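After this come two complexes, each holding chain A, first together with chain B and then together with chain C.
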Partner chain A sequence: MLRKNPTLRHILGRAAWYFVTFLVAVTVNFFLPRLGDANPIDAILAKTNAGDSAGAREKEEAYLRQFGLAEVDAQGKVIRTADGKPVRTGLGKQFVSYLGLTLQGDLGTSFLQFPKPVSEIIKDALPWTLCLQLPTIIFGWLVGNLLGALAAYKRGVFDRIIYPLALLVSAVPAFCVGILMVYYFGIKLEWFPAVGGYDAGTTPALSSDFLSSAAYYYVMPFLSIFMIVVGGQSIGMRSMVIYELGTDYVKYAKLLGIKENKILLYTFRNAMLPQLTGLALALGAMVGGALITEIIFSYPGLGMAILTAIQGNDYPVITGCTLLITVCVLVANFSVDILVGLLDPRIRAAQAAESN
Partner chain B sequence: MQLVKGLFKIPAFLLGLFLFAATLALAFLGPLVFHVDVSTRVGDPYMAPSAAHWLGTDHLGVDMLSMLVMGLRASLYVGFLAGVVATIVGTLIGVYGGYKGGLLDDILTVLTNLFLVIPTLIVLILLSSSMDKGRSLTLIALIIGGTTWTWSARAVRAQSSSLRARDHVALARINGFSTLEIVLEQILPYLLSYIFMVFILQTATAILTEATISMLGLGPYDSISLGKILNDAKTNEALIGGKWWAFMPAMVLVTVIAFSLYVINTAMEGVFNPRLRK
Partner chain C sequence: MARRPFASAVIALACVAVTLLGCRKHKNNSPTASSSTGGAQTATGFARNETLYVGGRQWGEPSSFNPLAGWQDWPVNDMNLIYETLLMYDPLGGKLVPLLAQSYEVKDDSIEVVMNAAAKWNDGQPVTADDVKYTFDLGKEFKSLLMSPLFTSHYVSDVKITEPGHVVFTLDPSQKNALPVLDACVEIRIVPKHVIEPMLKAANGNIDDFLKQKFDKDPVGSGPYKLNSYSSEKIVTVRDDNYWGNKVFFEGKLPAPKYVTHPIYKSNDHFSIGLQQGNIDVSSSFVPRIQEKKAVKAWYDKEPYFVPTAIPMLWPQVLHKPLDDAHLRRAMAFSINYKDIRDLAVSGYSDPMESGLILPFGLEKKFFSAEDSKEFGATRYDVEAAKAELKAGGYTSVFKDGELVETRDKAGKKLETLFIKSPTGWTDWESIVRIVVKGMRAAGIDARERFIDANLFWGDLYSGNFDLIMFTPTPPPAPSKPWSRFDVVLSSSEWAPQGEKRYKNMGRFNNPKGPGYIARIDELLSQIPRIKDDAELIKAYRELNVLYMKNQPTIPLVYRPNQFYEFTEQHWKGFPTAANPYLPPQMPGERLGTRILWHLTPVGGS
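Then we have the complex of A and B:
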């Protein structure tokens, strides 16, 4: 069956490749934080060694069991050496249990906000990040492509204004746009709230009070990411259209006397393909894409969650977030591979040729 | 040579070159003009700019201009070192894979693709968060270089595998030149301008990456850097307090470096890539 269906074979092949990549990512996620001189085990043990009272002991037991850091006996009690130190579990054994839990979707428990599960912390932060990024990327992508196509086709004045502007915006680091906006529109002019995601007086709920304050806080982070997306996309689209306009098939179509509008349609369609790929990749990078922007605006999304976790050596939260970001990127790349295979006749043909 | 001369006629290239030279001058000639001292508190926290301290003081009362010069040096150092590492590793793997092919090339390509997909920033966050005392400026540069080479490897590989099919390379092969001779004499000269552009981009990326991870609170422990100045300004409420001198100059410097390098790269691409030349 696979021999007859090159598309299916291609999809399965890519799926297998991305699964291997996922396993590598999980491995990297586990071992990298444990390489250096400040690894999570020491962080957690330092935390529990703070006191010698019965309460601290109990807490230490709970930690060690929870994170699978120490050997436990049949009754589930932590095995200790003669001087009371817990017997540590080997790194390999820890990794196996980590791998098992991760594949089940269990990301562990936060050190800082013990016993809150990491998945809960992510669940609180993720909607903010998604609501900030999803509309921004899609809207920015549309506007950017329109401007880019316009600049490439019209050239002249358009190109001389749009292109350098886009170049400037995309060369300016994302956090600079954010800092400038916070400073001028938040602090100096007080047009918009400088930092945060909603009014301190409201609590996240589906009330009009909360939604209107959230919308007010939304404007600046939205604009700062939007500008960058528009800049990047329009540059890409511009060079794609310029390239397509110079190809032989366009010259040939012109010689044949095909109407200009029709030729433009052809070129735009061809120029769109890489741009579509770009959109899918941007959506995949969305979750981790604006960590710094969120931090600058103290926006309560994933960026702030990671920052808090890093400041408090909260390794389960750090690795939980990084794994989530990686998985999103992998899924996006996988979708792009499949999508491009389906949309691009050249790649379709190559797949078919491979199977013969 | 004709091409290089043409380069110096492009206004954008000259602008980029001028801006970059200006940052270099500030970093290395600045200390000759004014006194640089980042270890003494010369006044109160967040003093506004004055004749004595042109850019005021930071949250500890240290002269901001001194901090800026040292931070700029550190950022340039990170950019240069990471750029060199990423370009050398990327070029070696790319040229080898593109010219030689074979099993090792396949393995290297899989490896490259693997780490192209896993976000660099994630690897950086994970690695840096495991370091505490050991997170020196040099190590950060090496980590950045060691994670961003994948991109240049892929770019260089594509270029060198297209060169492989050229007649002059085939001729050299027929005449019995060794692989090393062919790579050095027939492949590398054609890639030089390309590799240089890769280096420029890698440097710009590294400087921005350092600023990013420093702002995440994972900056070097043994040095000031532009990212760390920004991080300090954010965590010590200079941004909310409107103390512009604590973050604006550092931000402008990061932007100017990245912008000038991008402009130089774009201008060079226009000159060296015949398809873009009109």
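Then we have the complex of A and C:
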């Protein structure tokens, strides 16, 4: 069957590769944060009033047992070496138990926010990240492409103003835009609230009060990412359209006297393909969070969760979040691979040839 | 031309709007669903003139409101909003103020506490002596709880009820030291036995399992506020109009704010902005250059702005040669430009430095001797004195083009560079360490900064793995000051070798079994808590402070407040200040500062 269906064969081949990539990523995600010297228990103990040595020792043992970080004997006591240090559970053993639990859908418990499960941390942070990013990416992508196409096609004022402007905006780092906006519009002019996601006097609910407050608070974070997405997209789209306008099929269409609108549509569709790939990848990477924007506007999204986890050696949260990002990026990549094949007959033909 | 793309853009715009709205809806649902505490009292809108916004005590999502957990979130940790302590400490007057206990008496071998009969849990049950005994006895059974050091460090031998409403802490005869017990009376929050005992039983007496309980659904407490709701963005408490203390302490008056809310921001900057814009009313976050922030006020309206209670210091590892040499440690102290630290690193939020471990102002001032500080102290910027100490210790320094190349000891051997450890990202400490290094190198001591991961920092600190390290001992004001500061810095009790964790005297100074042991230091540490006579106490403190200065086992750098205290009167007025010190500079809700809540008035109506 596979022999007769090169497309299916191609898809399965890609899927196998993606699976291997996934395994490697999971392994690296697990080991990288744990390679350092730091002991997460020290960080937890430091934050609590450690008390005297005996109390602190018991507290340390409780955490070590809880997180499975040390070897325990038959009585449940932590085994210690001659100089009093707990015998750490081997990384290999930890990895096996991690894989087992992950396959059952259990991402573990956070060290820092103990006893909160990692899945709940992700669940709480994800809506913020999606709300911040999804509209900016999609809307920014649409507007950017439109402006890019217009600049390329209309030239003149569009090209002389929009293009340099887009270049400038896309070259400015997101945090710069964010900080400047907070300073001028938030603190100096007080047009918009400087931090947070909604007015502290409201509670998330489907009320007009809350929605209008959320929209008001949303303006600055939205614009700070949106402008950059627009800039980047329009530059890409502009060069793609210029390239397409110079191709033979456009010249031929013009010779045939086809209406300009129609030609524009053709070029637009062709120029769109690489942009689509970019969109899918951006959507995949989106769950990583817009860390800088989240920090500047104090949005409790995933980027923030990951940063806090890394600073506190909160291994379960780090691995949980990186697992989510890995899966999303891989799925997005995979979809692009398949979709582009389906959308673009040229690539489909190439795939078929490659498979034979 | 190009009409169609425009049309599609409009459609796309509409789509995005829908997505956005849908997304918002989703967001609404999740925090409410996961975090509201349920019940009829859950409010959804908070009028500004009924809500006090506090900041600086919660930096991440709340994880546990369990009053016994080692790590609690606002409003439990250090707070008297939901759970209450027996007594409260007034750091301005040095007095203990009644709360759950109406009085206390310190005797030679015990402390007797008399409960306030009017005290009630918010479920209507009375707060009894039994609850107090139960709370403290938990520390006997479970070594990881906050009260356990009372027993494991042999301060208290038992807690008993002698007659109804009377709790007696029997002081361990080996020390007869009441100070840690008084500290516990102002730090340990009493828990309801009738709630905790069944829960602990349900967990089969396993404290680890019990501590997983979050206590976030209508917790039973005795304090003036209840937990209303929480999410990753804020924690809201609501006034309990039936609070027993309203009648007992305030003639039936209610605290002014109906809600006390702590928005959760991720950085100091956000709390600063919040204060300036009036979205936060009072905060304990660090606000740099407060004089430039419009509308933001502090305890004093000029330097040092705050009331220092703590001394961040450098801890040399005395077991590392050549740091075992007091000449070198004193030379280090002389080489530091303390004025630069005060002006540049901490925005001027410190009084000028004096030598020794006693604060030269406030309540500790009576124990401080300027004369001793001048004669024996090395905590002043004096490069010549530093060089003289180095010479006395036989050290020579090699400079080339004005830059230090190396330091040599008596035998002419090159000394290894000494590294000062400090957590990376703690910017005020980083600036302090840089100024210290500059001074030491200029004086001829080969030292360098080493900023390390904050998680590595704590392990290194307690196990003694450092040349020199930054640390602030016992920052909160407490009845045991300044004894407890001396104890943490100098005590040789519960000695542990380098490599094993030790929570006092991390530099391992004055090992009882080591060479040159100064028995007098430990003697004074154990005698001071028992001295009743003021003149004798002053004498003992002076002697101990002089021993400290001569040996310089740590190097004090600057004075700092335990918690910062900034407020703005855009929405609430009546915060205490140095000009109107009716209560100490503490957060409303924190320790004695809880009482500020009854003195506030909203600005204007709405």
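We adopt the following convention: the second predicted complex is superposed on the first by the 295 of 356 C-alpha atoms of A that agree within 3 Å, B and C clash if a C-alpha of one lies under 4 Å from a C-alpha of the other, contacts with A are read in each partner's own complex, and residues count from 1 in each chain.
In this section, a residue touches a chain if its C-beta (ideal position, glycine included) is under 8 Å from a C-beta of that chain, and two chains touch if they have at least 3 such contacts.
Please read these numbers as outputs of a predicted model, since none were measured by experiment.
Undergrad: May I ask you to decide whether A:A214 touches chain B, chain C, both, or neither, giving the answer as first, second, both or neither?
TA: Once the two structures are laid over each other on A, A:A214 reaches chain C alone.
Undergrad: Given the touch rule stated above, what does A:G100 touch, chain B (first), chain C (second), both, or neither?
TA: After superposing on A, A:G100 lies clear of both chain B and chain C.
Undergrad: Go through the superposed model and pick first if A:V195 touches only chain B, second if only chain C, both, or neither.
TA: Touch partners of A:V195: chain B and chain C.
Undergrad: So, A:L130: does it touch chain B (first), chain C (second), both, or neither?
TA: A:L130 contacts chain C only, not chain B.
Undergrad: Please work out whether A:L146 is in contact with chain B alone, chain C alone, both, or neither, and reply first, second, both or neither.
TA: After superposing on A, A:L146 lies in contact with chain C but is clear of chain B.
Undergrad: Identify the partner contact of A:G312: answer first if only chain B is touched, second if only chain C is, both if each is, neither if none is.
TA: Only chain C; A:G312 stays clear of chain B.
Undergrad: Looking at A:I187, would you say it contacts chain B, chain C, both, or neither? Reply first, second, both or neither.
TA: Both partners.
Undergrad: Which holds for A:A25: it touches chain B only (first), chain C only (second), both, or neither?
TA: A:A25: touches chain B, not chain C.
Undergrad: Quick one: classify A:G13 as touching chain B (first), chain C (second), both or neither.
TA: After superposing on A, A:G13 lies clear of both chain B and chain C.
Undergrad: If you count the residues of chain A that each partner touches, which comes out higher, chain B or chain C?
TA: Counting residues of chain A touched by each partner, the higher count goes to C.
Undergrad: For chain A, what residues appear in both contact lists, the one with chain B and the one with chain C?
TA: 36-39, 182, 187, 194-195, 295, 311, 313
Undergrad: Would you tell me which residues of chain A are touching chain B in their complex?
TA: The touching residues are 18, 21, 24-25, 28-29, 32-39, 167-168, 171-173, 175-176, 179-180, 182-183, 187-188, 194-195, 243, 285, 288, 291-292, 295-296, 306-307, 310-311, 313, 315, 318-319, 322, 325-326, 329-330, 333.
Undergrad: Within their complex, state which residues of chain A touch chain C.
TA: Residue list for chain A touching chain C: 36-40, 42-60, 62, 65-66, 83-84, 110, 112-116, 120-121, 123-125, 127-128, 130-131, 134-135, 138-139, 142-143, 146, 149-150, 153-154, 182, 186-187, 190, 193-198, 200-207, 209-211, 214, 260-261, 264-265, 268, 295, 298, 300, 304, 308, 311-313.
Undergrad: Help me check something: in the complex, which residues belonging to chain C touch chain A?
TA: 1-6, 9, 12-13, 15-16, 19-21, 23-32, 34, 43-48, 51, 53, 60-61, 63-64, 70-71, 142-146, 148-149, 152-153, 207-208, 211-212, 214, 229, 231-234, 261, 263-267, 270, 273-274, 276-277, 279, 425, 453-459, 462, 494, 496, 499-503
Undergrad: Quick one: in the complex, what on chain B touches chain A?
TA: These residues of chain B touch chain A: 114, 117-119, 121-123, 125-127, 129-135, 208, 211-212, 215-218, 230, 234, 239-240, 242, 244, 247-248, 251, 254-255, 258-259, 262-263, 266, 275.
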